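Below you'll find the structures, each written out as structure tokens.
Shared between the two complexes below is chain A, which pairs with chain B and chain C, respectively.
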Partner chain A sequence: MALGAVFVGLFIFALWTVGLVGSSSISSALRLTVPIGFAAMGGIFAEKAGVINIGLEGLLIIGAFGAIASLYALSVTPIGASIWLAFAFAVVASTVVALLFAIVCIEFKADQIIAGLAVWLIALGFAPFASYIIWDQTNSPSVGSFSAWAIPGLSDLPVIGGLFVATPPVILLIIAVPVSWYLLNRTTFGMWIEASGEDPKSLDTAGVDVRKVRYAGVLLSGVYCGIGGAGMALTVGQFVGSGDTMMDGRGFIGLTAYLIGNYNPIAAFFASFLFAGLEALQIQVQQIAGFDVSSRLIGIIPYVTVLVVLAFVGKTQMPSSAGDHYESDD
Partner chain B sequence: MNVDDESSNRTRTGNLAVHLDGITKRFPGVIANDDVDFEVESGTIHALIGENGAGKTTLMNVLYGLYEPTEGSVWIHGERREFDGPRDAMEAGIGMIHQHFMLVDTMTVAENVVLGDEPTKWGGLATDRKKAIEETKALAKQYGFDLDPTKRIQDISVGEQQRVEILKTLYRGSDILILDEPTAVLTPQEVDGLFGILEELIAEGKTIIFITHKLSEALHAADDISVLRDGELVDTVSAENASREDLARMMVGRDVLLEVDKPDVERGNPILEVEEVTVEDERGVTVVDGVDFSVHEGEVIGIAGVDGNGQSELVETITGLQTPSDGSITFDGTEITDVSRADRIGMGMAYIAEDRQKRSLVMEYELRRNGILGCQRLPEFSNGWRIDWESAEDYVDDVIDEYDVRPPDPSAEAHSLSGGNQQKFIVGREFERDPSLVIASQPTRGVDIGSIEFIHDRLLDLRADGKGVLLVSSKLEEVRRLSDRIAVMYDGDIVGIVDPADVTEEELGLLMAGERPTGMDVDSARVRRRESA
Partner chain C sequence: MERRTFLTSVGVGATAGMAGCLVDNGDGDDEADVTVGIVYSTGGLGDESFNDMAYSGIEDAESDFDIDYQDAEPDTVADMNDMQRQFAGDEDIDLVCCIGFDHETDLIENADEFDDQRFVIIDAVVDADNVDSYVFREHEGSFQVGHLAGLLTETEYAHAGGETNPDDSIVGFVGGEETSLIERFEAGYIAGAEYVDDSIETPSAYAGSWDDPSTGQEIANGMYEDGADVVYHSAGGTGGGVFESAQSYERFAIGVDDDQSLSAEESSDVIVASMIKRVDNAVYDSIESVVEDEFEGGDTNDLGLEEDGVDAVIGQDFEDDLPDDIVNALEDSRQQIIDGDIDVPDNLDDL
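So, the complex of A and B:
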């Protein structure tokens, strides 16, 4: 975790000195952190409880598509285009898919990796297909987006004031990070999550239902990914279904981020922020006039960094029973 | 039914804490318990002994609510109880300490103690960690346990982990404690510590049932002893009036030779020579420090010592699992210090590993695959690129037959066998391929008395056939009984090589503690570090 923070700190400092980073680019990096960071935290809950959820990417896509489709649908109903209601629908949609994933893994003892891949592939196919049905194209039209909130007082500060004008998903992320850490490290629920992933039999003999704890962990990953996916889509204002969709592998980056963060939500947030920052940088570099390097080459910067960081971060301590099915004796 | 009627015909006064009345437990095709009447007097230590598969654990699982009995009833403190699960049993004051500890390694002692029953604060919004630590500390103090509640399970010893298990049940208010083979994983000192704790618990009014197949422990620690055989209760006797021979006969159903007859065998050429071998662990700490000894054909060399004095590392170095930082190992005239494990197997070195589930078996493999584990490259099982399954199956069938492995099914997965049968299978696998040297590390750990006798006989057969045997065991009597010479290890070094006939148990104990017994000369006991100091 300390290493991750140092990385991010040095990175930002270096960019600040060359003038590539101002408060506006930090803000844009934070916006890009939303899907990665929420996916990472969701993944932590699921995997700490013992269910490896590599379907995070799929859940993000469901969240993004669900948000835009709901907002579009709401706009033609008498309720009107309520952005928060669409946001809530998206979270529910993603959570329902996570529930299906949990049932398949916990009740039917499916291989978690294969089930997780299925979640991704299904979402990857379903969302563009459904958007084609709705809008006759894989990308939705612009349907409206969150407007930024300025935090009173702080946003008037010189230089850093820009940091305190943020979209609601960014604010939610900043709140969710410490709350997740607290949940995992200070509550009874957090203890059960840890025991469920490390040694489910011990938890079972202590009289706690391992299945319920694992369901809770996976459902939370659905909630978080719903927020992350919807947060991104409602910031952009549309759903992009072409290619790898607008999520473009951010769920997998989130997975990497929590591994780098060693299952600590705070460290995972910094790792997510690092990747988001690299992405923002990559976008900026591409816009430098006369910089004649293939945009595809620039585009791989974040992924090369993933490999480099993983090589340096050393060993991550995976929960001992993550990925194993648990069946109670009684 | 009135429990008072039941207790009135007991000679001792006192109430029954537990009364299992006519318990029968059937599994498909098997009767695990057959009409067992089992009574435990309140405030006593009761040992439940029997061979592997005699139904001890099943009976205790019935008492703990894990299994519902097919017939019969459970009475706790004179009240009839029906348990739907362990939770109900816990509420009735029954706690179980499993053989494999139910502890989360990454969590602290206090967290493990309170898990599932945590004190909370702020209306349940947070775990009250301070209170958890305090309560754990108070409980530990009450029963005289030396434990730091803030340490993680992975950082404390096995003996301490067991105390955490006991604390867990006490924290839940248990007054009847069931311990499933509590001494199987403990060092001799820890065993003494455990028995001290049991006395302490009895003094506090608790009732204790412990499952074991070690007769000496039952006789030493228990007030009453119940013997199970083939699912039936043979008898319940008072420990004072029982002898080892009686108990062994009740357990096995025939006379057991507790003394092994060791014929004279002519000692041949050295088969294994270990010279100045030094081993460092991954942190660079010297764990084996310049060890010298040799094993001859037709000889059993026993290595005695308290666990953790370098025996495991020495054995792994000889078998090729670790690399020595210094010294040389010669096997059958060839230097093998840098020879791979696979080649050592090919040269005829058999190895019974200390931790059978980690080192000797792949638990998810069928027996037929486990049977050629390690020898899959040898010409008898392979033509160089594919395994000859036919000869492998013949071999495994032979092993199962010869060594009475149950169930006798080569397609059974290793984890479905009991510990004793796993061990018999490993011993068979290693011995049947005609090794010239056998390295047997804790060959009878967790094995029932009938199988121990069998394994001992096989080891002596090998010796009679002129093979070399290196035996490492923390059971002193086993080493004394089988060995021609005993090498005592202390702090990574062999502090003495002695003849078992010339040395008393006390003298061995002193050597194991790194002291030189008075009257023992330097030749028979080279207590190097102390002499030079």
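So, the complex of A and C:
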């Protein structure tokens, strides 16, 4: 299953390396992967710990809005428009919302699906509303963005050099994927997360507080989504709150991505990259001269592919106690 | 507990969601002669183009006449029907302005049902006695900016935040959603570029959304990467990403609907021109006709270059700096379009 997603990801990668599309398309696909990939990894931590978080989209929106609003606010203070500080504020904002979600789910035993839906709906209403208060309109002006970093040495390589000129959120993503995998599979904390979602009773018997582990899982999903949302907004330099907001369902794609990746951060990353890659590809296909097919038809390719992959590639193994409340006996 | 949490969550969510929707912008006195209800399109206020133009039209009308207005911003096309009906059924409202072609299907039914209400629709024609329609010949204005883009890509030019790349002759187009209206922009633009030289490449792509600057940015990144000198967008909020991309590649972009070198001022160093569409005048005129008691209904106003309904305006940082031969060539083509010597296609099949 996880292997399947890895293979699909590698296939796309191989398609590119043989020269169908240049390295700029891979960079573009990686930038498009940022919100999806971070949402997917965040979702893994929460769900593995036993709390299904379908509010990822909402947390991304809070991250994006938080980043732009803080950057805008900072620019009028003596501190100045520090992008990294705004980035940090956004992560805190998203984590605070995730904390509220965790309290509702763990302390008050709310239905996780409904509470997750509420997180999304609240963010969907709150962010444009707050934008309206700050800027008198649902969309922010352009406030500044990350500039790309060139990795010394590697970025001078021929052909693939372009891959090593990346925006900071992309670099963070590339670092976060193996780190998340290590955290989940090779550390005690990872074992606890796993046990909390699979068999909380055993974890409790072993003397570990299940509540705390679940809190940690949900809070991590807030941190990841904060990074994803802020990373996306600070790449384009503005927040758009009209319609479905600038997130436009990317959090839900992230949710699908980790299901395709069967809760493995690396496979989830490849699934996210598959979607983003197809998105970048469909943009290219639209521009082929003389290829006269409606952009609406081409635009659904990524979605259809993800659905097909989700339906036919292996079986997703949900943590057995995900979605269940845990009441300690003592 | 679960049930209560559900109700609370949904309640809070719905309230927060509705909070930005219906706003009464009156100054509090109920004695205004005319009250206008205005329903925007889904791009929403702050798109720095289409909806903001409509807004400035109604603001102008408010300062010139004794009017009051209420406005509504639909999040989705499905919200438009309710908002239209809410205003149409309100006895205090004398005119309902529907901004955008997405209103068309709902308005056909509502105009029939609320036959004593007056309506105005922008960007579509609704054939009813109580509806005035305003449409624009966007392809004419788009031809002008396409002509400018074509001239720029064939010239070595550097000013403010951008410079052209002398090796390639490429000008790009980014659309929001692919509709026949937006294809009019695309067709006019491509025709304008090809009017300069048939060999100019004109890649175009649609983001599939009016609210997705990230996708807009990636599309433009790809075009500039391929060597495009100018990218024109007709994509609402998605266009912000095009400007961001132009700035990072230090190339040029063209705005749409209003003078975006003013409305998106942070990007004025790359916005060489904007294809303006006087939605504000259309809204203003329709309100004036109600105030003056001259609203007839059933009229279709087709506004092009000749009627000043559309125009190509040079960005504020580029005024007086563009080479004279470019400015003169633009003036010539403008006159030829008005005189009918240049036939501008309004769809991609006629290119």
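FYI, the second predicted complex is superposed on the first by the 303 of 330 C-alpha atoms of A that agree within 3 Å, B and C clash if a C-alpha of one lies under 4 Å from a C-alpha of the other, contacts with A are read in each partner's own complex, and residues count from 1 in each chain.
Assume a contact is a pair of C-beta atoms (placed from the backbone, for glycine too) under 8 Å apart; a residue touches a chain by one contact, two chains touch by 3 or more.
For clarity, every value in this text was computed on a predicted model and none was experimentally measured.
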item	value
Room on chain A for both chain B and chain C (clash or fit)	fit
Touched partner set for A:137, first chain B, second chain C, both or neither	second
Chain B versus chain C as contact partner of A:208, first or second or both or neither	first
Touching partner for A:199 - first (chain B), second (chain C), both, neither	first
Contacts of A:188 with chain B and chain C, given as first, second, both or neither	first
Chain B, chain C and vertex chain A (Cα centres) - angle in steps of 10°	140
Dominant toucher of chain A (residue count), chain B or chain C	C
Touched partner set for A:296, first chain B, second chain C, both or neither	second
Partner chain(s) touched by A:128 [first = chain B, second = chain C, both, neither]	second
Superposition-derived minimum Cα distance between chain C and chain B (Å)	16
Chain C-contacting residues of chain A that also contact chain B	none
Parts of chain C lying in touch with chain A, wherever the complex brings them together	1-2, 5-6, 9-10, 12-20, 42-48, 52, 73, 75-76, 175, 177-178, 201, 203-206, 208-215, 217-219, 221-223, 225, 236-237, 240-241, 243-244, 248, 264-267, 348
Partner chain B, residues of chain A touching it in the complex	182, 186-188, 190-192, 194-195, 198-199, 201-203, 205-208, 317, 320, 329-330
Touch list for chain B against partner chain A, complex	65-66, 85-87, 90, 96, 98, 101-107, 111-112, 115-118, 120, 124-127, 129, 168
In the complex, chain A residues that touch chain C	22, 24-25, 28, 31-32, 104, 108-111, 114-115, 117-118, 121-122, 124-126, 128-129, 131-132, 135-143, 145, 147-148, 232, 235-238, 240-246, 248, 279-280, 283-284, 286-287, 289, 292, 294-296, 299
